[in-house]
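I've put the structures underneath this note.
What follows is a pair of complexes built around chain A, which joins chain B in one and chain C in the other.
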Partner chain A sequence: MRVLSDPKGYWADLTRSEQGVVAFIVAFAGLLLVGLLTGALAPTYFLYLVGLAGMYALLSFGLNSQWGFTGLINFSVAAFFGIGAYGTALMSASSSPIAGDLLPIVGLVVALVVAALLALAIGIPTLRLRADYLAIASLGLAEVVRLVVLNERQFTNGSAGVRGIPPFFEGFPVLADLPQMMPGLAIRPLPGTTIVLETPFWGALLNVVVVLGFVGVSYAVLRRAHRSPWGRVLRTIRSDEDLARALGKNTYGFKMQSFVLGSLIMALAGVFYAHLNLFVSPGDLDPVTTFYVWVAVILGGSGSNRGALFGGFVIVGIREGTRFLNEFAWIPIDVAPLRLLLIGVLIVVLMRYRPQGVLPPQRELIWPKVVDEAPDRPDSGVREAKVGGGDD
Partner chain B sequence: MTDADATAADAAATDVAADQSKDDVVLRVEDLQKSFGALTATDHATFEVERGTITGLIGPNGAGKSTLFNLVSGFYEPDGGRVEVNGTEVTGMEPYEIADHGLIRTFQTPRKLEGMTVREAMLVGPRKQPGESFLNLFFRPGDVGEHEAANLADAERILEEFEIDHLATQPATKISGGQMKLVELARAMLAEPELLLLDEPAAGVNPTLRNKLAEQIRRLNEQGTTFLLIEHDMDFVMKLADPVIVLDQGSVLMEGTPQEVQTDERVIDAYLGGSP
Partner chain C sequence: MVFDYLASGLVFSSIIVLGSIGLSLIYSIADFANFAHGDTMTVGAYAAFVTFGAVGGLGTSVLGLPIGFFVALVAGIAVAAVVAVVTEKVVYDGMSAGSIELLITSIGIAFVYRAIIQIGFGADFTRYEVQTLRPIEALLPYGVRVTQHDVAIVLSALVLVGSLHTLLQYSDLGRKMRAMADNPDLARVSGIRTDRVKLWTWIIGAGLAGSGGVFLGLYNQLSPRMGFNLLLLIFAAVILGGIGSVYGAMLGGFLIGMINQLTPVLTELGALLPLVPDSFGIPIGIEYANAIAFVIMVAVLLVRPNGIAGEAT
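And now, the complex of A and B:
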C-alpha cells in the first residue's frame, strides 16, 4: 500500500479535508489505544463500540445512497433498521412467536426481502411525485412500522420485545463455538494493569468481524456504483431531475433502485444489531435513530461514502463519549442527557461554517482506469470546496 | 364544447397556417392543445419539421413556445392532438421514451450539475450506457469500462470541436453562462439526437459566444442533426433558421422563409399587439 511505501507522497496527494480527517482519526485512535492499554477502556466494551460504530456506518451508507446520491429524503431510516432487526429476530430467536430457532442466515435473507418489499411499496406511489412526498410518506411509514411492532403482539411480542436471539454465527461449523473454545488470556501491556480476555471478548470480536464484513462489502458496492454511469445518473437526478429526463433517463426507475439499495443496507444494519444486542424491542425503532443517521450523513458530507463512514463513527463517538463526561466531577450538571443538544449545536456550527460536510466527494467520479492522468490536485480535477450553498 | 371552442376548432381545421407539404418529416405536431385552467396555452397548434432543417420557432412573449416544447418533449401531457417523431406517435409518452425515438431537448436556463466537472457532466449525455444498469457494474465491469472510455473520448472530442476542451476538468458550476449553454449543446449531441429542440440557446450569451454558438449549430446541422429552436433574438434566428414558424396565442400564425416572416403584416401585428 502506498501509505506504507511512500507516506509523504500519499500525504501530499490528499486534499486538505482528507488530511484533516486522517489526522483526526490517527489522534483518536491514539487516544483509544491509551485507554485500552491503561485499562480505562475494557476491551470487550471497546469491541461493542466498534460494532455499534459499524452499525451506524451501515445506516449512513444506506441513507447516503438515497439522499447523498439521488437526493431522496427518507425519514424512515429507523423503520428499515427495525425491519432488519425484527426480521432476523423473529426468524432466529427462541422466544419468537412466529418462526424461531432458524439459522440467523435465514433471518438475514428474510429481513432483506421484507425490507426490499417495503421499500417498493412506499416507493411505487411516491417516487413519481415531487421529492417532498417521499419525505412525508416515509415520516408516516416510520411510525406505522413502530406501532405495528408495538401492537401486533401475536407476531412480535409487542413491548416485551424478542429475547433469545442467537449470535450471528449460530449453526456455522467452527465459528459458532469459537468464543467458548478460545482460552482465557491475561495480558499485562503496562506494569500494573492486567487485561483478561475471556469468552465475551471472543464473542465480541466475532461480532466485529461480522460488521466489518458487512461494512466492507457495502462500501465496495457503493464505491463502484458511485463512480459508474449509474451513479452519475443518480447525481444528475439530485441536481436536476428534469435534465436527466430530457437526456432520456428513466428517472423513476433509477430513483427506485437507489431507494431499494439504501433500504437494504439499512436493514443489514438492523440484522447486525439484533445479533449484537441479542434482544430487540420496539424502543429500537424510535425516530431518534433516523435523526442520528441524518446527522451522520450531513456531517460526513452528503454524497460521500467515506464521509458517511466517518459520520457514523463520529455519531457513536458522541453518543457513547458523552457517557464518560459524567466522570468529571467538576462539571456541575448531568451531561449525558444533553447529548441531543450537543449534536444539535454541532449541526448548527457545521451548517454555518462547512455546509458541505467534513468530507464531501473529493475527486472526479469516473469509472476507474478510464482516466489515466486523473487530475487530483485541487486546481484541476478536484472540485474546490464550495463557499456556502450546495451540500454535496 | 362551447361555441367559442367550436369556432376555434373550425378555424384550425380549415385554415392550417403551417406548410404541410414536406417530404421527410421528423416531427409532426397535429392539432395540439393544452390549457392551464382558463388559460389556453396551446390552441390547436399544427406544424411539421422537415429532416435536415434548422427550423425556427418565434412568437411574442406568452405565445406558448415553451409550453409547446414541453408538450412535444413529454414534460406536459397534452389535452388533445398528437405528436409524431419519426413517424411514431409519442403523444403522452414519458420524456425518456421520447428521447429513445431520437428527440432531445435543452432548457432555457442552463441546468447546473452540482459537484461534477464539465466532462463528468458531459458523460451524462450518452444514451443506453451499459454502465447505467446496476447489475452490469458487477457482472460486466469490462463492458462498462470500455463504453465509459469510448464515451469519455467522444466527450473530449466534442468539447474540442466546441473549442471548450480547456474547461473539461473545471467544476461544471463554475463556468460562465455562455459556456454552460455550449456545454449543454455539446452534451445533448452526445445523446445522438435526430431532432434537437433548443430553448433560447442564445439568451444571456455574449455576442462573440453567440456567433460561435450559431456556427456550431450550423456545423452540426450539416452533419445531419435537425434543429428546432425557440429564440427571441431575431437577428440570431433569421440568420440561422429556415423555415421560421410564427406562433401567436397558442397557435401557428404562419410559416415561411425569414424574408417572408419579416415582411408579413400579421407577424408585425402580433409582435406589436395590434391584432385583435
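And now, the complex of A and C:
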C-alpha cells in the first residue's frame, strides 16, 4: 500500500477534488469515532447506519452501471429495490401470504430472477429508442410496481407490509446462532463511559458483514467489467451510440446487458434491506428513493465506481442527518419537504455547475500496468521520428 | 352508466390535453422531456388558490364559478408562465448540455417546485373556496352526473386549445414555432430569432399547464403531489400522440383521459356488450387506472414508437 509507505507522495498524486474527498472522509470518520467513544452514538445504531450506507452504495453501483457506464436513464431504482426486498421477504417471512419460511438464500435467487425478468420487460420496448423513452417508461414502471404491491393484498399483504423476515443467515450452520452465542461484552473506551455489546450488536455486525460482502463483490465485478473490452463498448455507447454501431457493435444487446446487470445489483440491495429491517412495506417503494440514488451517482461522478461508493455514504449522511433537524424546536417546518428541496437543489446545482461530479472517473478507467510502464517522455521526439521515417 | 364515465372522461381529458400540449411543445422546441411539467401545473393551481383567496368572489358567477375564479385562473396561468421563464433563464439557458442532462436537471427543478409548495402550504389536501354544486338536473335522467364546474372546465379548455390552434396556424409566431420544431438549425439560418421563439414556447406551454393545474384543483383537490402524480398520464398522452406533434398530443391526451375514466367499465363489460354473459368482466380495478396508461404507452412504444400522429424521426 502506497498510502502507508509514502503518504506524502500519495497525497501529492491526488487531484484537488480527491484531496478534498479524502480530507472529508478522514474528518467524518474522526467525528464518528469520537461519537462512538463518548457513547453519544450507540454501536448498534452505528452498525445499522453502516449497513444502510452499504445498501445505498449497492444501489448507486447499480445505477452507475446503467447511467454512468452506458448512459441509460433509469428512474425505477425504487422499483427494482422493492422487487428485491419483496422477493426475499415473500419467500422467507413467516407472515408471507404466498410461500414463506424458505431459506433467505432462496429468496435472494427468486428476487434476482424476478428483477432480471422485469428489466428485460422494460428494456425490450425502450432500449431501441432514444434515451429519454427509457426515462419515461421506467418512471411509469416504478409506479406500476408500487401499485401492484399496494393493491394485490392476496400476494403482498398490501399496505400492511410483510413482517417476520428472518435475518439473512437463517438456516446457515454456526452463523445463524452466532449473535445468541456471543457473550455480552462491556467495554470502557474512556473513563466514565461504558458500552455494552449484546446480541443485537452481534446481529448488526453480521449484517454489516453481509453488506460488505455484497458491496465488495459488486465493486470488484464492476471495476473489472468497466475496464474490460465490454466496458469500453459501453463507454463508447454512452458518448456516441452511432459510433459504436458503426464499429459493428450490437448496441441494443450491450445496453440490455448493462441494464439487466444494474437492475440485479439494485435488487441485491433490496434483498439486503429486507433482512436488515426485517419488515418491508409499500412505503419502501417511494419514488424518492430513486432520486436519492441519482444524487449519489451524480455527486460521486457518473461512471465512477468509487464515486458511487462515496455518494452512497453521503446520501445516508443527508438522510439520517436531516432527521436530527427535527429535534431543533426553532425550525418551524417539517423536515420532509426540506429534504426534498435539498435533493432538488443538489441535482440542479450539480448538473449546472459540476456535471462530472466530485470524483469523475480518471485513472480507474486505465489498466494500472499501462500507467506504470508508460515512459515519461517518448524515446525519440516527434520531429526526429518524422525525419527518420519519412522519405522526403 | 357508460354515459357518465364518458362525461367525466371528457372533463378529465380536457385537463390532460392542457398538460400534454405544453409538454409536447417544450419537448419539440426546447428538445428535452421536461419532468417538471407536472409540478408546473401544481404551481399554477396554488397560484390560483392564493389569488382566489385574495380577490374573493367578485359578485356575479358564470357556470357556478364566481368571476373572481376566472381572475385566479388568469393569475395561475401567468404565475406558471413566469416561473417557467425564470427557470429557463436561470437554469436551463446557461447549460451547455444535451437533452439528457436537461432531463435530469428538470427532475431537480420538479422537486424544488414541489418542496417550496409543500413548505408554504403543507402536505395536506386543500380545495378552492367555491360552492360545491349538485349535478345538473337536466342530465340526470340519462345517468350523467356532471356539475356546471365540469362544463366550465371543458369549455375553458376548448377556448384555450382553440386559441392555440389559431396561434399555431395563422400567426407569425406559430409559423416560426412550427418551423423551429421541424428543424431548429434551418429556422435559425432563415433569420428566425430562435431564442425568442423558445421563450414564447415556455410561456405558452407553462401557461397551458398552469390552467390545467387550476382545473385539476377544481375537478379534484389541491395537493403538492397533484401535478407529479399526473405526469405519467401526460407523458403517456404525449407518447401516444407522437412526441413533437401538438395535434397528436391533443388526440393522445383525449384518449388517455377517456381511457383513464372508463377503467370501471372493464369490470362490468358483460352488462354492456351483447352476446357475452352479464357476469363477464376484466378484473382490473380503478386503482390501476394509471397503470393502464403505462401499459398503453409501452405497447405504443413497441408497435409504433412515433405515436399515432408522429412523423418519422
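Worth a mention:
Rule of thumb we're sticking to: the second predicted complex is superposed on the first by the 343 of 392 C-alpha atoms of A that agree within 3 Å, B and C clash if a C-alpha of one lies under 4 Å from a C-alpha of the other, contacts with A are read in each partner's own complex, and residues count from 1 in each chain.
Methods note: contacts are C-beta pairs under 8 Å (C-beta built on N, C-alpha and C of every residue); 3 or more make two chains touch, one makes a residue touch a chain.
Predicted model, so just to flag it, every value in this text is computed and none were measured.
Once chain A of one complex is fitted onto chain A of the other, the partner contacts of A:P361 are limited to chain B, with no touch recorded for chain C. By the touch criterion given at the top, residues 71, 73, 75, 122, 124-126, 128-133, 135-137, 139-141, 143-144, 147-148, 150-151, 291, 294, 298, 333-334, 336-338, 340-341, 343-348, 351-352, 355 of chain A touch chain C in their complex.
On chain C, the positions that touch chain A within their shared complex are 32-33, 35, 91, 94-95, 97, 99-101, 103-105, 107-112, 114-116, 118-119, 123, 224, 231-232, 235-236, 239, 285, 287-288, 290-291, 293-295, 297-298, 301-302, 305, 313. The residues of chain B lying in touch with chain A in their complex are 73-75, 94-96, 99-100, 104-107, 111-117, 119-120, 123-125, 127, 129-134, 137-138, 141, 144-145, 147-149, 151-152, 169, 171, 173-174, 187-188, 191.
For chain A in complex with chain B, the residues that touch the partner chain are 221, 224-225, 228-230, 232-233, 235-236, 238-240, 242-251, 257, 261, 303, 360-361, 364-371, 375, 380-381, 383-384, 390, 392.
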